[in-house]
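In what follows, structures are represented as structure tokens.
Two complexes follow with subunit A in common, the first pairing it with subunit B and the second with subunit C.
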Partner chain A sequence: MKSSIYSWILALGCIVLLVAIIPFSSGYIQTFIFNTLMFLIFAASWNIFSGYSGYVSLGHVTFFGVGAYVAAFLITKAGLAPPISIIIGGLAASALAASIGGVVLRLRGAYFSIATFGLNEVFKTIAVNMQKAEGTLGIVVPPIPSRALSCYIALIIALITVLTTFFMERSRIGYALISIRADEKVAEGLGINTFKYKLIAYAIGSFFPGLLGGLFAWHAAYIDPHSVFTPFYSFYSMIFSIFGGVGTVLGPVIGTTILSIFQELLWARLSYLYLLIYGAAVAVIILYMPKGLLGAVKYVSSTLLSKKVR
Partner chain B sequence: MILEVKDAIKKFGGILALNKMSISMDSAEILGLVGPNGAGKTTLINCISGYYKLDSGVIRFMNRSITNLPAHVISRLGIARTYQIPRPNPDITVLDNVMIGALFSQDQRNIRDAYVVAEGLVKLVGLSTKRESLAKNLTLVEKKFLDLARALSTNPKLLMIDELIAGLNPVEAEQAINLIKKIRYDYDLAIIFIEHVMSAVMRLSDRVIVMHEGKKIAEGAPTDIIRDEKVVEVYLGRGYTHA
Partner chain C sequence: MLLDIIQVLLFGLTIGAIYALVAVGLNLIFGVMNVLNVAHGDIAMLGAYLTYWFLVLFNVNPLISLLLIIAIFIPLGAAIYILLIRKIIHISSSVEEIIFSSLIIFFGLSIFIESSALLAWKADFRSIIYFEGMINLGGILLSEKTFIALLVALIGVFSFEVFLTRTYIGKAIRAISQNRVAAILMGIPVDRINTLSFGIGISLAGVGGVLLALIYPIYPALGVTWTMRGLTVCILGGLGSFTGALTGAFVMGIVESFGSYFIGTAWRDVISYLMLLLVLVLKPSGMFGKGV
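Right after this comes the complex of A and B.
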């Protein structure tokens, strides 16, 4: 209990520090902060459904892409204010998740993963062939006034994502999801309407990448199908989350922060070898710490504590 | 009548796991379900709890048909079960395992109330000292009792126990038998239990049904059942009546 209070104080400290340094940072640092927060939102929102339920989605970026396109449309074609467009983009992503969830959430294991991956390719292809969205040419969006503003909005979305996870974990939804992860049939037998809770969590977890997509469109001032529906974002959502510890509130935050810094340092210094080293490091850690960094820390501290008692 | 199963048929490929199986039960009755391995006892429980869908037949519970309803609906109507191989959530504590059952029961409890219910049930099955242990660290026997507490947490009117006593040592078996008796009176439940330990069946059951190859081959008071020619033939063996 105490250690979790410390981690929350630490998290609060990081937020205050971030808020303070963003306006004084160089463009490079601001971009780095924005990218890290972006991946943090990806990982933390992936964790809400996939991390807690054990249903590994490989199509998380779909909701990012849909949010980006909806927001870009509303800003450019309907002339709506960007913040409102971003929120509608998030809601659209949630609505989409609720509807495709009706189909894909009936699949389990690898079938679910493949279906989510495949659906993303479907949405990418739709975007490519959509004349109104200029197809592969993409959409140019009036840019955000400043990079610092992008960072602040990303920080707010990240905070809401993590807080949502925190409250969800302690609610009926959280208990339903961990029961589903352990054994879905047994969960059903305990009176848990598993499909309902999966659908709710899937829709909640898709809201945040939807918001992020809209913010990205505003921030980058340009989107095209290949940049906002790229499966790499889905993979990174999963990797960062697993690295830090799935099914925990702070795991994805810690995983994303550490891996992003590691990646940035490697990339700047060893541009040829970086992916090789990065991949190997991630593989080794996932092999030896299947519950992620947070799981490993918890394990070590609990074994140390229990030894002290004896 | 609390439960009625009529002409239930369940096929797995070409195998008839349930072949026109029928049972009926009164509330607050303890029904022993015995029979050789593969007789269809667990399949029957799986069908009643909604785990499997029947190929044909009707299941009625408290005067309404529950045939092929989803398992979570059946659970909320008041049917709970344990598993032959206990299946607690291994990564959470004993108390949390039981709390979750209470949380999603038909009573619509909030989390705090669900914990209160769970504390009582964990104590009832004798796991109070292990309440904060992760379920994966329990022994098999403890897991069986945890499974039982979790089934009770859903506040059932019918409890189906799939082999609780087999595998327990004599002291634990005695505890289990006393526990089932206590549960029956304290919670006013109907209980179906599958068991191979005949001494426990004799002591607990008001009535025994013997299954063989998906059918009911005998039904009656425990003392009559062990003299039944057919039962001796397919299940108990010649030695039993003389013993």
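Right after this comes the complex of A and C.
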């Protein structure tokens, strides 16, 4: 229990530090902070459903793209204020998850992963074709006043995502999801309405990438189907979570922070070979740490102290 | 009109046959090892580029490079299995864990292959110019390359079927995918069969790559699209089922081909996905899958 208090104090310290340094940092650092927070939201929200339930979603970026398109559309066509559009974008993503979840959540294991993987391709195609009908490639959105503002909004979304995970883990939904991960048939047998809880968690977990999509549209000032429906983001969400440790509140946060810094250093030093090394590194890391960083730390500390550390 | 429809049908069959090659390999790997190879399309991309370079640099007939690629890709697949997968299978305690870890490993591999290809060959679209003639079958016009691709894919798929049902190794592969523990108890050398299946699966993807290079322009990023199509075919038919992959591939090829003809090429991926959702709503384990 004590170690978890320390980690929360540490997390709070990091947040205060971030809030303090954002206004004074250079554009490069601000962009780095924004990107890291963006992947943090991706990873933490992926973890809410997939991490706890063990249903590996490969289509997480779909909700990001849908949020981005809905928000951009509302800002440019309906003339709504960006913050409201962003929230509606998030709700739209959630609503989509709730409706598509009715079908895909009936699938298990690899079937679910593949069905969600295809989902993104479908929405990308729809976006491309809609844009073609209008004769344009992307949507130009009036830009956000300052980069620091987008960092702050991203920080707020990230905090809400992590806090949601924290409270969900301790709620009926969290227990239901963990029991589903352990054994779904037994969970059903115990009278848990597994489908209902999966659907709720899926909708909650999709709200945050939806919000993020709207923020991204505002931040980047331009979106097109290929930049917001990138399948890589889905994979990054999964990798960052698993690297930190799935089914934990802080795992995705730690995983994203460490891997983002690693990625940035690699990119700055070896821009040509960066993806090549990154791909190889990801494969090798998981070979040696299949339970993620938190799992590895727990394993090492428990074998060193030869008792369970909690 | 009737001729048009026959032509569309033939093209659908051709696409379906290539899908079948890619999907049968994926399904073999999943069926035997519970490993989802999300780098499968990238392997196909490698096969496509090898064919291209063999033709451009050494003027090798694509049909001969097809044999070369089989010879190269079987050891390549075996090496991937020994380096990356064997350990995962040994340390994982459940099927879910294997799927989890293998997804990440193959995503890493996919980035690795794609970015290497991008560095080596740039992002340009390239196409193979070979077999440019047309075949006229009583009014039905078919390009020579489509005809050859269809023929090769059919030969490939059916010789694989013969291999699975008639040879000792093929029977061992089927035994493992039906019941792993029982296979071990019967004295089947699971590790060796795994290595071989991986090699065969990868080489089937390579052959698929050769054929897609014949028909479509190639570029380093085509892997993701083909992985997705291969996986879609697999769950459409039912993961781990050979008949399923085959039927799923031809159904998808034909539906896509007619969909493109009547609705528009741009909607091709949406059509196949909607069909997939429909099948999954009716039968969540795919057309030929075992119960979920």
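Rule of thumb we're sticking to: the second predicted complex is superposed on the first by the 298 of 310 C-alpha atoms of A that agree within 3 Å, B and C clash if a C-alpha of one lies under 4 Å from a C-alpha of the other, contacts with A are read in each partner's own complex, and residues count from 1 in each chain.
Heads up, the rule we're going with is that a contact is a pair of C-beta atoms (placed from the backbone, for glycine too) under 8 Å apart; a residue touches a chain by one contact, two chains touch by 3 or more.
From a predicted model like this one, the values you see are computed outputs, not experimental measurements.
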Request  = Overlay done on subunit A, so just call it for subunit B and subunit C: clash or fit.
outcome  = fit
Ask   = Once the two complexes are overlaid, how big is the angle at subunit A between subunit B and subunit C (Cα centres, nearest 10°)?
value = 80
Inquiry  = Looking only at subunit A, is it subunit B or subunit C that touches more of its residues?
reply    = C
Query = Does the superposition put A:E188 against subunit B (first), subunit C (second), both, or neither?
reply = first
Inquiry  = Contacts for A:R170 in the overlay, against subunit B (first) and subunit C (second): which applies, first, second, both or neither?
reply    = first
Query = Regarding the shared-chain residue A:V128, is it in contact with subunit B (first), subunit C (second), both, or neither?
reply = second
Touching partner for A:F117 - first (subunit B), second (subunit C), both, neither = second
Inquiry  = Let me test your reading of the model: by the given contact rule, A:L270 touches which partner, first (subunit B), second (subunit C), both or neither?
reply    = neither
Request  = Using only C-alpha atoms, work out how near subunit B sits to subunit C after the chain A superposition, in angstrom.
outcome  = 11
Task = Mind listing the subunit B positions that touch subunit A in their complex?
result = 49-51, 70-72, 75-76, 80-81, 83, 87, 89-92, 96, 99-101, 103-106, 111, 150, 154
Touch list for subunit A against partner subunit C, complex = 54, 56, 58, 103-104, 106-111, 113-115, 117-119, 121-122, 125-126, 128-129, 132, 231, 235, 238-239, 242, 272-273, 275-276, 278-284, 286-287, 290
Query = For subunit C, which residues count as touching subunit A in their complex?
reply = 30, 36, 84, 87-88, 91-92, 95-97, 99-101, 103-116, 119, 224-225, 228, 231-232, 234-235, 239, 266-270, 273-274, 276-277, 280-281, 284-286, 292
Request  = Please give the residue numbers of subunit A that touch subunit B in the complex, ascending.
outcome  = 170-172, 175-176, 178-179, 182-183, 185-194
